[in-house]
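Next come two complexes, and both contain subunit A; in the first it sits with subunit B, in the second with subunit C.
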Partner chain A sequence: MEVIFVLIGISLVMAGGFLWLFFKAMKGGQFDDQHTPAIRILFDQKTKSKANKKPPKKKK
Partner chain B sequence: MSGTTLEKFSYDNKIVKFFGAATMIWGLAGMLIGLLAATQLFLPEANLGNPYTTFGRIRPLHTNAVIFAFVGNAIFAGVYYSMPRLLKAPMWNKTLSWIHFWGWQAIILSAVITLPLGLTSSKEYAELEWPIDIAIAVIWVAFGANMIGTLIKRREKHMYVAIWFYLASFVTVAVLHIFNSLALPVSFMKSYSAYAGVQDALVQWWYGHNAVAFFLTTPFLGLMYYYLPKAANRPVFSYKLSIVHFWSLIFLYIWAGPHHLLYTALPEWAQVLGVAFSIMLLAPSWGGMVNGLLTLRGAWDKVRVDPVLKFMVVAVTAYGMATFEGPLLSIKSVNAIAHYTDWIVAHVHIGGLGWNGFLTFSMLYWLWPRMWRTKLFSVKLANTHFWLGTLGILFYALPMYVAALTQSLMWKEFADTGRLAYPNFLETVIQIVPMYMLRAFGGLLYLAGAILMVYNLVKTAAAGSFLEEEEDEAPALAKHVEEKNEFWHRAWERKPVFFTILATVAILIGGIVEIIPTILVKSNVPTISSVQPYTPLELQGRDLYIANGCVGCHSQMIRPFRFETERYGEYSKAGEYVYDRPFLWGSKRTGPDLHRVGGKYPDSWHYHHMVDPRSMSPGSLMPPYPWMTTNIMDHSNIGAKIRTMQKLGVPYEEGYDERALEDLQSQAKKIAGNLKESGIEVLPDTEIVALISYLQRLGTDIKKGGSGNE
Partner chain C sequence: MEEMPVRIEKSKIVSCFHCGEGCEDELLVRDEKNFCCTGCLTVYEVLNENNLCDYYDIEVTPGTNLKEQEIRDNRFDYLDDEDVINKLIDFRDEEQTHVTFTIPMIHCASCIWLLENLYKLDPGVTFSRVDFIKKKVQIKFSSKETSLKSIVKLLSRIGYEPRINLSDLGEERGLKSDKKLIYQLAVAGFCFGNMMFFSLPEYFSETELLGNGFNHLFNYLNILLALPVVFYSATDYFRSAWLAVRNRSVNMDVPIALGIISLFTYSLFEIFVTGQEGYLDTLGGLLFFLLVGKYYQQKTFDTLSFDRDYKAYFPIAITKMVKDREVVIPLTKLDVGDIVKVRNEELVPADSLLLDAKASIDYSFVTGEAIPVPVKKGELIYAGGRQKGGAIKLAVQKSPSQGYLTDLWNHDAFSKEEQKDSLASLANQISGKFTFTVLFIAFGALIYWGFSDVSIGVKAFTSVLIITCPCALAMSTPFTLGNVMRIFGKGGFYLKNTQVIEKLAGIDSLVFDKTGTLTAPSKAKVSYQGENLSEVSKRMIKALVNYSVHPLSNSINQWLGNIDPVLLHEVEEIPGKGLQAKYKSKTISLGSALFLGVGPTDNAGNMGNEVHLVIDGMYWGVFRIASSIREGIEKMVPDLANSYEVHLLSGDHNHEEQYLKKALGENVSMHFQQSPKSKLAHIRNMQEDRKRVLMVGDGLNDAGALKASEVGIAVTDNISHFSPASDGILDGGKLNHLPDYLDFAKTGRKIIKASFGLSFTYNAVGIFFAVQGLVSPVLCAILMPASSISVVLFTTIATNFQAYRKGLNDKEMILWK
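Up next, the complex of A and B:
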């Protein structure tokens, strides 16, 4: 059953890695704004680029 | 925005189109194979009379196709569309995107070829052999590198919650896949697991559960958090909750694996640990479900008319149901009833058909008209698909619940005499055959719906014009000043924490590589003195058992319940499996447990039973294997197999690899002689002889040595 210590070790390393990421993200201000990100994703780009426009006539 | 210049860039839609198309093609293929497997369970003739299409080989093909091909490609399509848009940057490297795409399809193709050929490691959801495992690791890392590269080049400082889900999925799946796949190759397409018996079981289910968690759940939660708000045009109900959902989910998920091994030979404390974390998982899972459903508050009128939202509502509800059922099933007393039955099959299909399937469909219905800049070809067809799919799920799951409870209660039933009420396993199978038929009907409905979708989307694409590169513009992210031309390592060194972690990980990898073999070899010292390594012929028979996927229907793990020991014999002990590479405990009993089958029947019984199961067990659902009596088995690699086992610490005498073939042949002759006495003429080097030798050995060691000391 020694392998369980290996698994616990790996799991702890992963969990520790995620914990570190969490603190880093928190200090980096990722979670400061808990309102606008949810809304921002709803706005699609409004580029005036012609390339995005559908060609005027449907191809047959 | 004053003073900042807008940068122009474009998003690659072509890769999304390809991944989306692959999702549909492999989805149909995977479901069709599933339907075949479901049919085989009430109509053995559907095994088609050849080794390549028997249930044991078709089932892993189905699971691999739907998980890694259908769901996998759907994840990639969803990520390659949403991630660049969320980060305001195209995917980091287009070449890498295409390597990822074609590499992944090649891996799937190799699975389609190798699994029917019986080239399998037999570990559930990790069946592919070692060269393909390496390819998976490489391609997966390419996917991860592409994501991280995009992250570094992003123009949007904030990482939306979906991105977190994508990244966690990448990191965790990589680690799990590598550790579970560790094996020592014998030849190009054969290897033996680095772990044995109970350890192999633990590693497998640590992986198996997390494959569900980090392949079928977290990436799809990321997709949900992007596509559901987009489709409803409403912000997610609570962004704060989504962050809590993410962090709590990933911290809890890694520990839940042992709930797949309750009441087995796994140590009790490990089982309890798994149960505790599994029950805790209910909280974040339902947090996510509630967050998804409440996003639709005030938009339910849209749900009535928009098929995309309909699919999403059922998907999120199915997620909620499956994640309620999961903790329930990991409670030991519930698990005692549900384990080895069709309940588990129903559970995974609520998740697979409902959550993964329906979210994928909704995503494709949403993406296709957008990328082709047109309207969906037919909303009516999509609605028909929705109802076919929903009915399909119900017709699939409900009969499975009935089948599971019926069979489980029959297994446990004792008559007034104190004997089993249904001592013949087959009685409990025949009872539920009608449920198997209904299940296949449910699968057929679901597949029919998916075919409608493909038709609908092909028509949609034909009517529109595809936008290959979607242009966008955004200001560059303000950068901290860095010296040009400075050595790359300098930048890392300025970030002490980051650097320390990297260093630790590097050291850990080295340490683990060194430590694991030592630990594992040491643990191979038998704990039951009478348990001996397999003879060469038995090893060959075992490999045949693996190649034919017998483990898909037959467990080799008798739980310590009276109704099990009464039916099968002495309960299974950890020390009996120390030479089992891989472990073959199984997770489903469509047929009876085989751990104590050794010596139970004469050789001739096994011969007749393999040729035609129904001749020995009328009404049996087992596929016949008549070719085993004539197929000559290639024993030339037995020396290499013995050497591999020796390297893994199995105590064959030194130089035994030289004598193995001789031993093998003499044992084969003995069995062929036994069969001859019963009037059966068979060549000693046929497959059936090797298989019989293995079956007759199963679970007999502890009987030889009197009471084993564990």
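Up next, the complex of A and C:
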């Protein structure tokens, strides 16, 4: 039965990892706007977007 | 090409390729496409040049009508001002600047597409991203290549003018409290889930199977998981409870905080001292469900701002005259003694003296009186007046923050004091008593058992506290009210917070403002009495009223409909009096009885304002313009007058009294010529008679009354317009549903009471066992979530069912434009 110790450890680490990922996604703004991306993905990119300048990373 | 069938169907009126409205006044054709005005055409040209015509493929006629767009080149000059820039932007370094604009015009997928391709129009823009729901666009641009001003100009040129408010400049933006709640919820959910996991064996007495070592391990893990719940997720409850206790009152959060503390400490005691398992899983579940309820409530409405103050009304920039040169400065930099220029339809930002010969000021915004007041040279014009007619020059007498309007706004009597005991909400009243009763019973049990067996006494004491922990009680209110608020929101009625619903249920008197609230400003009723008007005379009148921006002229203009005006000469407008012009050899004049020297008339003053028509000295007839009442009001007000005391306050003269009496019924008591202060005093008087008053108003002139009343509801036709500080915002078109809303607020109250009954039953059963010291962790663990969930289910189903029965729930969501 001692294997349960290991399993508990793994389960806690996994669950904690998901919590951490959720926090990270939250901080990264993934949940800020849940509507616009759904529309945005349907736009065609007809022209080769030469202006594909890298969007600057957020500095906060 | 999808537009073609649409256009053929509406073969008579060609619709604009850009905005989709009919090209009635003019028709411009470019590239075989029709445009209704130069504004729309310009946008098309800009987009066409830059290969952005995909804009028109994503949605049909995606644009906004630009007929009424103000075209003045220098009106954004204040955006060159360093102070203004610093307040508007989010972030800036040497290379780039980040700024977020609110653009109310965002309404379709094309808007998103165009705004996110902004870099094609202005190479300086490196990044733009739209938040559709919040109607915001975040733009990053290189400071070297472009400027804030040119971006705003570009946006306004393509029909997406950002809304920039003075109040935005005043304070820091960006509340992150919403996110904090989600973090707390996530932590509570995580901990709760895992605690349940470790507690599960206990429920089924499986721990013995696993052995004692596991039991201890599980308990310690539970403590570890409970720490973030108590010290992070629950902090808001502690803070709120502490504030309430410090103010010597009891709110809903006090019993919750007490419950959390007793659960936690007792569980620690059990685990460390007596070696039992404690109630930490219950604690986690309690907080998780509480926070879900809170999130649900917050989610219901957080986009509206209710406390915009007078600053949101004022223009952000003002044209100042410096040695005959126009300079646009931000309003905050306006000083006493400055000479400013105010154009047609602009607001006077500060109390000032008129330097030009005459002006015509519309104070409807302050007093509710719709007819402009003539002002002569050297007279004082108060802040908040709107100039009608040509541009005027003014000498500023007081800084914008000391004017009459701001005085009014900051008047002591106008600030709504925080809730006193008499207004304390139902839930808080009950929970206060509840807390004391529970404490009393708990101590009673402790003392009773204390004589025979101290350990049973402690157990009974704590289990009473735990099992009665008012989570069902605490959740029934936010869930019910949150639901009611959501249903109201669907019907175009937005409340500031849920407490308003409870207050709404207790209302016994209604006070309505007239102008703009009961009457729709855009729909004036015109009637003509006199000699028959020939086609030519109609066209003459049409031409004449075209020259004036006076609201009465506008009403007559609308009444005349779509006829061709004739060409007039020697047109003269005498502000506040009337109009005069020559057509061929005829002289035609239109105006007040006094101005035309026609004998007025014994029947004057019974129906609205009068405009007389004289052609070549001959009296022809009179136009009567009565403000028209919104749809459904004629039925609503008399209905309400049956069950409530209804008052009507108006800033106007009493010339419409008879008409209103006829339309609204005799039971309405009417008061005319009410200044903002007398409206406030009226409400106060009613309250002294122990009336609980609901005030329904619209303008700033009602602001005091809205604040003083128990519930103040601002009626607005356009959400992006200013609305004074109030408890709720109601869509003007939905005003006739007010009785339904009042009714439903009462239903909500009943549902809360019923769910209180339900949770009291649970609590009574719980206490019955708890005082006998019989409660096992299993019972506690089952009873608590079961009671909470069943109460939540009950309120949710009951409110939705009631709303469905009253027909409130099936309306479509109203999207504000």
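Quick note on the criterion: the second predicted complex is superposed on the first by the 46 of 60 C-alpha atoms of A that agree within 3 Å, B and C clash if a C-alpha of one lies under 4 Å from a C-alpha of the other, contacts with A are read in each partner's own complex, and residues count from 1 in each chain.
Rule of thumb we're sticking to: a residue touches a chain if its C-beta (ideal position, glycine included) is under 8 Å from a C-beta of that chain, and two chains touch if they have at least 3 such contacts.
Just so it is clear, the model here is predicted, and its values are computed rather than measured.
Greater residue coverage of subunit A by touch, when subunit B is weighed against subunit C, goes to B.
By the touch criterion stated above, A:30 is placed in contact with subunit B alone, subunit C being left untouched. Contacts of A:41 after superposition on the shared chain: subunit B is touched, whereas subunit C is not. In the superposition on chain A, contact of A:10 is made with subunit B only, not with subunit C. The residues of subunit A shared by its contacts with subunit B and with subunit C are 1, 4-5, 11, 15, 18-19, 22, 31, 33-35, 39, 42, 47, 51, 55, 59. For subunit A in complex with subunit B, the residues that touch the partner chain are 1-7, 9-11, 13-15, 17-20, 22, 24-25, 29-31, 33-35, 37-39, 41-42, 45, 47, 49, 51-52, 54-55, 58-59. Within the complex formed with subunit A, the subunit C residues making contact are 51, 54, 58, 91, 93, 96, 109, 112-113, 116, 119-120, 123, 126-127, 129-134, 140, 179, 182-183, 186-187, 190, 193-194, 197-198, 210-211, 214, 217, 221. Residue ranges on subunit A touching subunit C, taken from their complex, read 1, 4-5, 8, 11-12, 15-16, 18-19, 22-23, 26, 31-36, 39-40, 42-44, 46-47, 51, 53, 55-56, 59-60. Remark: subunit B residues 8, 10, 85-86, 157-161, 168, 171-172, 175, 179, 195, 198-199, 202-203, 206, 226, 229-230, 233-236, 239-240, 242-243, 247, 250-251, 254-255, 267, 270, 373-374, 463-465, 467, 469-474, 497, 501, 505, 508, 512, 515-516, 519-520, 522-523, 574 touch subunit A in the complex.
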